[in-house]
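In the two complexes that follow, chain A is the common piece, with chain B as its partner first and chain C second.
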Partner chain A sequence: MAMVDEPLYPIAVLIDELKNDDIQLRLNSIRRLSTIARALGEERTRKELIPFLSENSDDDDEVLLAMAEELGVFIPFVGGIEYAHVLLPPLESLCTVEETCVREKAVDSLCKIGSQMRETDLVDSFVPLVKRLAAGEWFAARVSACGIFHVAYQGCTDVLKTELRSTYSLLCQDDMPMVRRAAASNLGKFATTVESTYLIAEIMTMFDDLTKDDQDSVRLLAVEGCAALGKLLEPQDCVARILPVIVNFSQDKSWRVRYMVANQLYELCEAVGPDCTKTDLVPAYVRLLRDNEAEVRIAAAGKVTKFCRLLNPELAIQHILPCVKELSSDSSQHVRSALASVIMGMAPILGKDSTIEHLLPIFLSLLKDEFPDVRLNIISKLDQVNQVIGIDLLSQSLLPAIVELAEDRHWRVRLAIIEYVPLLASQLGIGFFDDKLGALCMQWLQDKVYSIREAAANNLKRLAEEFGPEWAMQHLVPQVLDMVNNPHYLHRMMVLRAISLMAPVMGSEITCSKFLPVVVEASKDRVPNIKFNVAKLLQSLIPIVDQSVVDKTIRQCLVDLSEDPDVDVRYFANQALNSIDGTTAAQS
Partner chain B sequence: MWKQIISKLPKKSSSKNHSSSTSKTSDNGAGKSGNSHAKNAPAVKPAADSGFRDGNSKGNGPYEALPSFKDVPNAEKQSLCLRKLNLCSLAFDFSDPTKNVKEKEIKRQTLLDLVDYVASPNGKFSETVIQEAVKMVSVNIFRTLNPQPRENKVIDALDLEEEEPSMDPAWPHLQLVYEILLRLIASPETDTKLAKKYIDQSFVSRLLDLFDSEDPRERDCLKTVLHRIYGKFMVHRPFIRKSINNIFYRFVFETEKHNGIAEFLEILGSIINGFALPLKDEHKVFLVRALIPLHKPKCLQMYHQQLSYCITQFVEKDCKLADTVIRGLLKSWPVTNSSKEVMFLNELEEVLEATQPPEFQRCMVPLFRQVARCLNSLHFQVAERALFLWNNDHIENLIMQNRKVILPIIFPALERNTQKHWNQAVHSLTLNVQKIFNDVDADLFKECLGKFREDESKEAEIGAKREATWKRLEDIGNQKQKSSL
Partner chain C sequence: MNGGDVTSSSAATSGPPPSLDWRFSQVFGERTAGEEVQEVDIISAIEFDKSGDHLATGDRGGRVVLFERTDTRDHGGSRRDLEQTDYAVRHPEFRYKTEFQSHEPEFDYLKSLEIEEKINKIRWCQPANGALFLLSTNDKTIKYWKVQEKKIKKISEMNIDPSKAESSSSPPQLVANGLPADKAHGYLSNDFSFPPGGIPSLRLPVVTSQETNLVARCRRVYAHAHDYHINSISNSSDGETFISADDLRVNLWNLEISNQSFNIVDVKPTNMEDLTEVITSAEFHPIHCNMLAYSSSKGSIRLIDMRQSALCDSHTKLFEEPEAPGSRSFFTEIIASISDIKFSKDGRYILSRDYMTLKLWDINMDSGPVASYQVHEHLRPRLCDLYENDSIFDKFECCLSGDGLRVATGSYSNLFRVFGASQGSTEAATLEASKNPMRRQIQTPARPSRSIGSMTRVVRRGSESPGTEANGNAYDFTTKLLHMAWHPTENSIACAAANSLYMYYA
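Up next, the complex of A and B:
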């Protein structure tokens, strides 16, 4: 370690590394900025490292991105909160670069730092930074500015607050749509920090301007602000100022705007209260559910449950349900699919009678939909309906459809059904299971799709857990073991898979008496894949059965396999043998 | 505007029309009522739908063909033209080909008449004609573009280029309407001063929105129309340039999705071609802030040819810009996308072709670091394309004049290629390039070879030293922290 005596200049190391041609090395060094800082100590970090970084904003975007991120957590390395302001200059210059990711990260970091700064520092250095960025010549700076107003505003003096508000209002009217979009998307955040007296007077004026923008991309973002602003306002103000806007937007000529409204509408209901919801928002929502544009209907359909949750059941039945019926046979499969993914949630809202009367027919028609995603979405939420209408009705009306789906030609649908079977079994009880689903469970083991066979094996294990070893001994094990004579080796292999999963549940005795003979027999199969799977399976059985069985049966079988002509069989047999020796060694 | 049109049609027909039309008509001007009445899914309610159709055919009785222009005396032609324009100011729903078949044909014939009328010399167009024509065009072409069907969206992200363009079913009418607009603008009979009252900023800005259309035929028409507007209406020029810039910014920095970038660039190409020298600062800013960043999006392939043309135009006009352009390319050089990299190399060659020694010298160090990486690319097309730079006499000259700087940068890459590049063509092309250097300056070549061998032998040592240095820095940091506690 002769090098130890050489003097080491941390900054020089960094400068050197950042000159390297290999971007990965430059990235690595930026990621280790904190190491440099700690080696330098707080004071020299402030006086040397940070100024150096401020001037080094000409690197690749990826390096700059890493730098923006590191600086966000750098306060401890410059000496704590009271020195936080020294971190602002490098981040300020990162806020003005071309690449969006870098700017966004720099804004994030500025927010992190600003929110920890002392109020005096905020006024002295953070607010001027906001003002500089907001007056930036290039849009990048002004876009970044929009994202940090809310941090600056909180700890400011009244005079500065007035100034910040008027600056923000200028950004909302900026010449460039880029900037107006940024202002629109940050308005909600800014508004949460503004005092309520100015909310109506100033923020809402900005909001009104943005909602009238001629670019639909700006209006779009203004919609997003509606809900956030609505929650800040007093209900009567919300009704007066936000409601007309949202009702207007729900009829905007751009479908993208209507789409946004469809996504946001339910959040507004809380803000305006039940009366206005009933008179204004329900009609607006119904319009959206019947929009011309499939995209809008998709968004609206996806919110149907959330929206109904805010209404009383009568209103939902009277106004929303007819639309839901229409949507369940919509011409767009994506609309139906969106509806199917949420419609089950309506059952608890409507209550038992209405569910049976109105929803059940819709469920059934969606279950028979020609598009697999639709069917899938229904199946995966069946338990919610079960809770409302009870198991008897469910099994009468829905089960036939489910059984039909168990043989669906899309394997993902079959998979969904299989995964749902243990739940179904636990709810339906043993009796029902024996009649209808038992046969299916065995059929799946021989499916032509591997994922289904695998899931079927897993399903057997879960059923055994649910109903106990005794039941499984009667209803599952004989059928499974029968398959070991199947002419197709893949199906024989599934028997081994099923055994490996079920053995831990069934316990040592059944494993020894029922499974082990079958496995030993399988070790004489003509297909090597079966044989090395036997070896793997035997290895997994070792911890389950008694040592005597291991010594007597398993070891012998493995020794035979370890002399097999096939290299893979020998390999796995030896592995298993080693693990026997390992456990014996550990025990002795 | 809609009220006027509708008032000339029988009440019944207009309301029926609304309720049976789909988004196209309803989004147009009748936005509100359209959205609230018009129902999707004719499939859901076949009975109601056929009911509407019956109503339509009855109600649309008066939608009848007007006499041909040649059948009326000259004095009446203008008023006939106005009536025809009015007749065409109704957009039909083309999503259902069985709907309004007769009316659609009447409108198509009328549009054809209008195309001829606008093209033939009749004396100056009156203000009313221009106003009504622009109105008719607006009703027909300004509509919300339909979103892509969902199915495409996933694939879309994978390969934008191979997707089938979607064709607008309303094209038989749209095409003629665009034709009328184009002829109206191009016609010497159109008084620009009068026309600019109607072809105003709002009109232009809605025209620009349409460039996102999926239909390539429509974008092609739009391109010609916008180019003519740019040529004829001087007042709109700054606005058009600014708006296109804004579309580019949004595309590059926000959405990376727009169908009309190539068409915009084609127009800009010819605008740039006409820039007077010396270039105004405004135009240089445009190059740096809008054109160069357009290299970033991953769908560059869709408009690279046009972009490359614009960029080389700039460099050819003012060779001092070469350095800026090359640095710009380097900044957004693709890391993993080989086909994009080949495009960059193509463009680079074109730019270098127009580059003079002073600018070349200013950017050659970072440039040849990148070239060195390309030379070693495992994708043979990239490596090959980089090696082809030496086939260009002008570029070879630039390189050879500066070989003392360039060879040391690229030597390791060349040597690694000859030692172990998998591709035979790359291998032999590399040998060729090495030979060029060796022939011109054998001493330098030998020197670089020596340095390469030395560096190679030290590589592991340098790596170990770097790790050790960082380790020591960490130790120092830990010590400092301990002592301060």
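Up next, the complex of A and C:
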């Protein structure tokens, strides 16, 4: 056993712990791999550390994942670009492990390294690695191979390129669906590096095969390839080769494939251009909006705004809007909810008149939906409509919806609507708020559920920020302070919470004149929980108010509390007193 | 369905294949005379992997035991020699590989329910990097296991004397500086500059000893998705998903995601009092990842196409046999309940087992089964007794041979039956799971002479002639052969008699 000099001790420990039994320590050492490499020097890193790591591929997944990540940025530690190839063997073995996240990270790192390698090294070591993985005995290696072809392909010789293309085509026809899936999802990436002559001749053939695969799971990944390939092809080729595929996919037997199309169709529109969008894709999209399967309609409904953005308003009104009307009374609440979350965005696209004529009735019906999520989604996007048609047209229906949500029996729904109150307040204006919503805000402070009370207090702070201290002084503070005499101590505690949140917004003067007397009064409460919360609150007020106030009022109050019979009250009072002393010490 | 014609064409052209002569091959965990069977040792699941090189069993004690084939191809040249010298060793032989504790007994505190550790089903997954993967499930929780040779590491050549490092995790020098050891790493990079050539005195740990041992690691736990007891798990041909079925629901999982599953079939009525039918078994189609079948307690099999809809409450095809008129009795519904279904390897046929019969269905023909095999017809007069002692609720499994030419299922008294499934075949054999054919001699009136030499007791009968043991008294309802599996490529059957695993070949 060797002994090490004192200053090297930490690094020595770090190295030893690469093989520690405790996974946490191994993980720590792997994360500091660069330190170890620097301590060993470049040459020994290449000759000892890297081979050592290559042997390490049966470690736990967490360690392997960290290793895969570190190796991706390891080029400087092995002596620069010319030695980058030494990093390939450990990553190659990581590419074959069965845990997907490790493999993906190793593939990422290989791509990073490969893209920096010199062309000769790429041909000498990277391309053989790709070929080895692609011919791997186990599917994991072949899956990984699919992700690095695009790096290998650039900058290798024509002969090798031909070989790589045919190897990829074999992967597209692999026995294992996992490999075909990987080939399908990486085809777009690979295609970007392939010369346009081979694009039509070879890549499109692979693509066609994948789109006809028996396995749904492969076909639906081929959908993603449509957009990527479409962007690479000349417009006329795209229309000839990609468009029919998209149209077929949109009528595929499998709802999962149609679901993918519904999610991606707007991207595909860009690939085929406006004319074909009009003649072919709009009908396809309309079909998807009316699909039998709710999941497909959900995906399609969620993209309605994005899709309409690609069309001119007339087309949207003529073709899409009728479907939107149907969807607003869809049998599935999730479809309506998806629609509600995006439909407000259509207002700016259609313009004022069309919005009032066509969209407003839909908004109103969704606001009355029996399902709270639908109503919430409409309310959350209110600002988008406000810009186009103003809020007045909606406000009549809005209030009942808000009130109903505010009193929903599910506290999560109440919580969600509270979050939107500041937005509503800013959109509806002070007047509307004072009349209708003010009372609700106070009511929430006394909710049965703590999360709601907490959110309500926070809401008051945000309202004070929105409308300014002066308004808050009039409309919020008196109501809040009234509650301090509530018989329930939890509600009295909420007053303290509200004060602590609002004080920074309201400023020193109001805090001293309005809040402080209430707080001091509360320090005489009979419930210890109130008292130690007073102590905590006073501590938070120290930076807000003048030093003189601290000395005069706060300190005295805390001193009283620090003699309280309750141990917790004394503890927090002393904490606060210490912090007073701390700040005075710092100032002097 | 493509590939389906392999079976039918071979049957049509060459007529029914000759009846098989079953022989005893091996037994694991054989009971010695008078030995009491421990409840936890009773085998509750048997499954061959796809290649047939491995066999897994699960038991009521939550253990999974793996066996591996000893006569496999990778013996290479030596194997060829073996074949020439002794033709008889060509049948699959297995040896114990490893075992692990898959499930432990648990207690659900919310429902005040004990969760047994008993393994209900085992399914093999795609092997990778020489490691084996399998899914095992008890009533509630599915687990994904990886079984792999792991090197036993021994570390030598440390930088720091391990005895010293062990005694205090924070070295004395650093304690003197007041730095906790775990922060030492952090401080290092700030005030320490490395010489460009590195520090020669540092060395990497050296791993010695290359011994390996088999380690089973639980990779994922798929829990909390079933309100009722899981009766089946089945993996999809897409290699990334599997289903799990309980009494009322079928859920779809991705192997890599253990915290969410999708409910694809839900037969739970809004009012539980309207419940008339439960799911008894479910299986994915072996080739088409979008198709799966599930059976019900009313004797129907539903084939569903997952492409049609996310929620597959409506089936694509329904296979059920209309009740024979006038035969209705109190037991009709109970004995109609299907206890197990299996797809044939090509996916063309579905084999189902109910209490009385085995039925073979062509998935292209939903008007009725293409064949029915009487298994327990002779028990019909005794249904009342069977009901009283709960035997009528026993869930017998069934299996098909890899070539689809034969089907098999278990029975009482540790007997199992093998039938020829090809057209025109009258093959029907009753075998006992034991290696001592003489033990139950009273039951073997029609023993053909040629089986005397073999170790297995073989009785050949047409399916119409029930034989003498059918008059019942000899039947032992406590020894039932519920679980069995057919080797995927060869005529070899593994079956469980209580705690013993018997293997036969033909």
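To be clear about the criterion, the second predicted complex is superposed on the first by the 507 of 588 C-alpha atoms of A that agree within 3 Å, B and C clash if a C-alpha of one lies under 4 Å from a C-alpha of the other, contacts with A are read in each partner's own complex, and residues count from 1 in each chain.
As a convention for this text, a contact is a pair of C-beta atoms (placed from the backbone, for glycine too) under 8 Å apart; a residue touches a chain by one contact, two chains touch by 3 or more.
As the structure is a computational prediction, the values presented were derived from the model and not from experiment.
Colleague: Which of the two partners, first being chain B and second being chain C, lies in contact with A:52: first, second, both, or neither?
Modeller: Touch status of A:52: second partner only.
Colleague: In the superposed arrangement, which partner chain does A:44 touch: chain B (first), chain C (second), both, or neither?
Modeller: The second partner, chain C, only.
Colleague: Of the partners chain B and chain C, which touch A:13 in the superposed model: first, second, both, neither?
Modeller: It touches chain B and chain C both.
Colleague: Tell me the contact category for A:100 with respect to chain B and chain C: first, second, both or neither.
Modeller: A:100 contacts both chain B and chain C.
Colleague: Tell me which partner A:466 touches in the superposition: chain B (first), chain C (second), both or neither.
Modeller: neither
Colleague: For A:35, using the defined touch cut-off, is the partner it touches chain B, chain C, both, or neither? Pick first, second, both or neither.
Modeller: both
Colleague: Just checking: does A:560 make contact with chain B only, chain C only, both, or neither of them? Give me first, second, both or neither.
Modeller: In the superposition, A:560 touches no partner, neither chain B nor chain C.
Colleague: For A:297, select first, second, both or neither according to whether it touches chain B, chain C, the two together, or no partner.
Modeller: After superposing on A, A:297 lies in contact with chain B but is clear of chain C.
Colleague: A:331 in the overlay: touching chain B, chain C, both, or neither? Say first, second, both or neither.
Modeller: A:331 contacts chain B only, not chain C.
Colleague: In the superposed arrangement, what residues of chain A touch both chain B and chain C?
Modeller: Residues 3-4, 8, 10, 13, 32, 35, 38-39, 41, 98, 100, 138-139, 176-178, 181, 214, 217, 252-255, 292-295 of chain A touch both chain B and chain C.
Colleague: Which residues, counting only chain A, touch chain C once they are in their complex?
Modeller: Answer in residue numbers: 1-16, 18-19, 28, 32, 35, 38-45, 48-49, 52, 55, 58, 96-98, 100, 138-140, 176-178, 181, 214-217, 252-257, 292-295.
Colleague: For chain A, which residues are in contact with chain B within the complex?
Modeller: 3-4, 8, 10, 13, 17, 21, 25, 32, 35-39, 41, 60-61, 98, 100, 138-139, 176-178, 181, 214, 217, 251-255, 258, 287, 290-295, 297-298, 326, 329-332, 334
Colleague: Considering only the defined contacts, which chain B positions touch chain A in the complex?
Modeller: 22-23, 26-28, 31-32, 34-36, 38-41, 43-44, 144, 146-147, 150, 202, 205, 246, 249-250, 253-254, 289, 293, 331, 369, 465-466, 468-470, 472-474, 476-478, 480-481
Colleague: Residues of chain C touching chain A in their complex?
Modeller: The touching residues are 126-131, 133, 146, 148, 150-151, 153, 155, 157-162, 165, 171, 173-174, 181, 184-185, 187-189, 192, 194-199, 201-205, 207, 237-241, 256, 287-290, 306-310.
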